[in-house]
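As structure tokens, here come the structures.
Here subunit A shows up in two complexes: once beside subunit B, once beside subunit C.
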Partner chain A sequence: MPSIPLAIDTRGIERVYKAKPRPITALAGVDLRVEPGEFFGLLGPNGAGKTTLIKILTTLLLPTAGTAHVFGFDVERETKRIRRIMNIVSGGEQSGYGLLLVREQLWMFSQFYGLGAREGWRRVDELIEAVGLQDQRLQKVSSLSTGQRQKMNMARGLLNDPWILFLDEPTLGLDVSAARAVRTLIREWKGAVVGRTVLLTSHYMAEVEELCDRLAIVDRGRIVAIGTPADLKRRIQRDSIFRLELDRLDGGASSLSGLPGVLKAVTASDGSSTSGGARQRTAVKLVLADDNALGPVVTALGQRGSQIVSLEKSEPTLEEVFVQLVGRSFADDSEDGGSDTDGRGSSSGTDGAMADPSAPPPPTAATERMTEDAPLAATGLPER
Partner chain B sequence: MTGLTPSFDLGRTEGRGLRETFRGYLTAARIGWAVEANWADPILFFTYSVAKPIAAALILVVMLDIVSGGQAPAYRRYVVTGVALWSFVQGGFAGLAMSVLEDRERYRMLKYVYVSPTTFAVALLGRGTARVAIGGMGALTTLAFGALVLGMPVDPARVDVLLFVASMALGLVAIIALGLGMAAVVLQTRQDSWSYPEAVAGAMFLLVGAVFPLAVLPGPVQAIGLVLPLTWWMEGVRRSLFPGGVSAVGGPGSLFTELTGREAPDTPALLLALLGTTLLVTLAAAVAFRVSEHRAKDRGLIDQTSGS
Partner chain C sequence: MSLYVRRGAGSPTDAARWSRRRDVMTNLRSVIGRAYPRVIGSTREPSWVLFEVLLPFLTTSAFVFVYRALDAPTEYVGFVVLGGAMSAFWLNVMWLMAAQLWWEKDNGNLELYFTAPIDLMSILFGMAVGGLLATCFRAVVVLSIGTALYGVTFSVEQWGLLLVVFFLTLSSLYGLGMVLASLFLLWGREAWHLTQLMQEPVYFVSGLNFPVGRLGFVGALAISTIPLAVGLDALRQLAFAGGVASFGTPSPEVEALVLVAMTAIFLFAARFFLRTIERLARREGRLTARGQ
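On to the complex of A and B.
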């Protein structure tokens, strides 16, 4: 078997929109290579150019300069071939022919993909089950909730069993549980057959972190960093930050500041250092020059009679990666990012809490499954 | 989870030729039939597709009777056939163009149709076909109304079947081609273009002799009418159903008579003119659509919505 070409291969992709006061450069030279089988994320703030790149790759938009190939096929000249092996699902839109039944609309799209009539019904019913719309299958599309519509849209996106699925902010505008269901569905579909490729864009960091093997951080039409989430976190320079909870701390946090290797020691905001309570605990945030400075601190605390109740190292977040690389906060200008280390602010510090209400929960909480078995494996039908 | 590895069989990227094209066309027609006909709301559907042309025919006939004192039965037939046939234009021309706007702005499905392997133009032709079929129901009902209520029965013995079939076939091709051309135009618009197709249809209504002969129009305007295949289509269908009726094209004061010295085109000339103008319009629409599609893809208009 000949070697499989890259799932995505773009070279110097530029895209300029003709706009009123002056042209807008949405993409300013993007080189991106994604291997078959990868779950790849494009993370970037609104307006970064994510949708523009996806539109070019899905044959909806022409690039101004550069070349792009999907599984070796040119996006400008071999559109038909690409369309047979890819699909796209966008979020944040209410799409669908309201008058059609869910099952009908999906079947009609299966016909656009050249499935036989009966094969189409079979595939549609499988996918309806996989996305959890059994109870809505004979309802009008217009009667679906936003979350159900997006599940239907996902089913449409899987009709042709694509080699590569493009997901443009697929959970945008969904409530927490619908967003989780969609993420679970994506993960299960991807996992059911080795070699399936996903390109997902998002401005929810936790979503990208939860789903993607590798990601590119995009800003103002450029890729500013690319790698696995762990790579990217490792890449940024950062002091070691620890959070300690102590049964008591005589002299307060500042008494630790003088210890060797301690750059800063502050009372952590969420610690219950309230006066009056019989049992007081003190949480301290320590910024150390490096991890090795922790030992002397622990020794010193022991000498002062402070018991360590808990100790955890705080990991850098993708947010911090973004701030370091781009020099400004991710969440537009509206939020002043959590740069406070004085411990007085809200609970959002460097612990990665995100303002976005529809952001997914941390990975540990997201292990619940939408269905017990994996219906999506069944849709990995052998290809003809 | 054990998985099958996709075989990455490149054969899957190849099309299945005409069969695939035809399947895409039929599917689009089915979507059109289900979506546009609005079967879920029969009253609304009836109002738009059936009652509207009948009402229009009735109004015009009454006006005509008042003006002529009931002395113009030939014009009655002329007007009623014109209004009936116009249902096809309403569907296949304005409706086809509207489906681009509806899919893009209202259903937000245009991009998903676009990125499927079915050729975009083929999908639109399917939608247009459905609209034409819906229009055909309006046309039939209006003609039936004319026959039963307005006393203008079609005499089966005198119908020129060959002329009827040829005119209808060419005419429907022309209508859909014009619709595709209109779709090419609205594809370029960003918003507020919902009224364009109806407006252009309205203008054509006056140019193609739907309810009055071209002769009443100024010469240069008549020339536009003579280049539009709809004029010849209507002329052909009218003549096939009601032989010896009023000609839309010729007659005193008409550009046609002035140029050819004939009272009205004979049937072969009529068919030739219909064929020629249909070919011209089809070619022009195909070119316009190609250019428009490329430009839309260049400007990011395929999934453009008024909101963003």
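On to the complex of A and C.
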């Protein structure tokens, strides 16, 4: 049986937009390979080149240089074949016609993928149920809320049961519950059939981390890192960091420093606390050579009569990975004004161009931060 | 969830291989799919009765009263009513067809049309068919009201040719609409201004309210370039056969041939422009750039 080609295979993809006063380089040599069945994320700030890459892969745009294949089909020459097996959903998408009912709008799009008239209606009804729009099925598209509209867009994207689904900031502008619903839908659809591939672009790090098997961090038209979320985190955190909360610790945190495999032991910033004035607890941060060093620490604590109240492993967030690798945060890009889309005023969930190959490289020194202060930890996802 | 499972081919490679028949059927279905909102739109937005029937009918009525005041031959009233009915198609082509792709680009539909496995010509055909069906109804309303109100008497000797000329007029007219839709996509935001700019001159040289032959050389030139002019002239010759008014233009048979040629040329040109524009747009990134 012949093997299935890579879902996405790009080699040296470049994209330069003509613009004044000088051309804008949106992609500056992107090599990317995505396996069939992968849930792959492109993470980067506005203007990183994510949407430009998606446009090339969905046959809307030609690369200036390099080659790109989707399931073995060339994006330049075999556009129709690619279009038969893929679909795209963008955040903030306003497609369709406001005077149509939800059901009619989806049926109209089903016709563009060759579903028979009856089969189209049946498929539309199935998807309406799947995305939870039963109550809105006979409502005019123009009267849908943003979240409902995006659910409808998701249903549209699944009409042709694509082998590869491109999602360009699919939760852009959605509230927490609508975004969660969209993520759940994507995950369930992807998981229902082996081989379905998803390429997701987002600048919501937690969203990428939650959904993606692997991801690439894109910045200024280049992929700066690629791997699983865990891989990328490990890349910036070679040591194992644990936070222990103890009922007592005779001799203080420094007394643990001499144990084998313990590189550093300090009282955590929230150090000691009293509960009802009765009992004092101590929080300790341990930096270990590896996870195996934890065993002897626990044993030693037991021997000293310290009881562990809680134990938590601290991991860096993807945001910290980004900061470490790129040298600045997403917020910095926003403050800079970022780059608007592909330099042409596109308005919906797009990015695309900002990299100037002649620009100086970003600073490499990253801020060392204590990982338990991760800003996303408390709220889960940074949705708007 | 079983709802999501609907897999025909066993691999993406197989799924991407379509038979010729499937390809053609998908394009035909796309025509129907795109025509659907046009037809449905007529029932959902009744304001068209005011804007596309009653208001244009006032202009038609004004010409009727002028001709009556001048004691013009009675068929001139019929010319005007027929012109009023046909103007509905011209309005449809100019305001909905020509600028449509440009609007579609602005609301994101164009991107989805391009990423669907269909020829963009199918979308244009769908727009044309939908617009044509919806406008036929409007034209019939104008014609009926005008005929009843002003006592128009038709004298048709060649019904078959009349129907052929009518459909050829529409096919060439919407063929021109498809060409304009392609070009407007290329011209971007200027399309809207261009539509406004072209409307009145084309109205004039099309002879919507008078026999175009009265324009002499300019009329002949219009006939050779504007499908509405040649179609309307042929329809008038056929609908008011044996009248006293002289047309001074080629016979309906010749004009029918001109319409056939126009249809072929416009369809070919539309296809050519669309392909060129798609290539250009993909190369220059214009396909999805909005607000241009």
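As a working rule, the second predicted complex is superposed on the first by the 255 of 384 C-alpha atoms of A that agree within 3 Å, B and C clash if a C-alpha of one lies under 4 Å from a C-alpha of the other, contacts with A are read in each partner's own complex, and residues count from 1 in each chain.
One rule holds in what follows: a residue touches a chain if its C-beta (ideal position, glycine included) is under 8 Å from a C-beta of that chain, and two chains touch if they have at least 3 such contacts.
Predicted, not measured: the structure shown is a model, and the values here were computed from it.
Asker: Aligned on subunit A, subunit B and subunit C: do they clash or fit?
Answerer: clash
Asker: Tell me which partner A:217 touches in the superposition: subunit B (first), subunit C (second), both or neither.
Answerer: After superposition on chain A, A:217 lies in contact with neither partner.
Asker: Classify the contacts of A:130 with the two partner chains as first (subunit B alone), second (subunit C alone), both, or neither.
Answerer: After superposition on chain A, A:130 lies in contact with subunit C alone.
Asker: Going by the contact rule set out at the top, does A:164 touch subunit B (first), subunit C (second), both, or neither?
Answerer: In the superposition, A:164 contacts subunit C only.
Asker: Report for A:58: first if it touches subunit B alone, second if subunit C alone, otherwise both or neither.
Answerer: In the superposed model, A:58 contacts both subunit B and subunit C.
Asker: Return first, second, both or neither, reflecting whether A:194 touches subunit B, subunit C, both chains, or no partner chain.
Answerer: In the superposition, A:194 touches subunit B alone.
Asker: Of the two partner chains, subunit B (first) and subunit C (second), which one does A:99 touch, if any: first, second, both, or neither?
Answerer: After superposing on A, A:99 lies in contact with both subunit B and subunit C.
Asker: In the superposed arrangement, which partner chain does A:182 touch: subunit B (first), subunit C (second), both, or neither?
Answerer: neither
Asker: Tell me which partner A:241 touches in the superposition: subunit B (first), subunit C (second), both or neither.
Answerer: Touch partners of A:241: none, neither subunit B nor subunit C.
Asker: Considering only the contact definition stated at the top, list the common interface residues of subunit A for subunit B and subunit C.
Answerer: 4, 17-18, 36, 55, 58-62, 71, 73, 80-88, 90, 93-97, 99-100, 104, 108-109, 111-114, 156, 161, 163, 192-193, 195
Asker: In the complex formed with subunit C, which residues of subunit A make contact?
Answerer: Answer in residue numbers: 2, 4-5, 7, 15, 17-18, 36, 55, 58-62, 71-73, 80-88, 90, 93-97, 99-100, 104, 107-117, 123, 126-127, 129-130, 156, 158, 161, 163-164, 188-189, 192-193, 195, 342, 344-348, 350.
Asker: Provide the residue numbers of subunit A that touch subunit B in the complex, in ascending order.
Answerer: My answer: residues 1, 4, 17-18, 36, 52, 55, 58-62, 71, 73, 80-88, 90, 93-100, 104, 108-109, 111-114, 140, 156, 161, 163, 191-196, 374, 377, 380, 382-384.
Asker: What residues on subunit C touch subunit A, complex-wise?
Answerer: On the subunit C side, the touching residues are 1-8, 11-13, 15-18, 22, 25-26, 29-30, 32-34, 36-37, 40-41, 44-45, 107-109, 111-118, 282-292.
Asker: State the interface residues of subunit B toward subunit A in the complex, per the touch definition above.
Answerer: Counting only subunit B, the residues touching subunit A are 1-9, 12-16, 20, 23-24, 26-28, 30-31, 34-35, 38, 40, 107-109, 111-118, 123, 297-300, 302-303.
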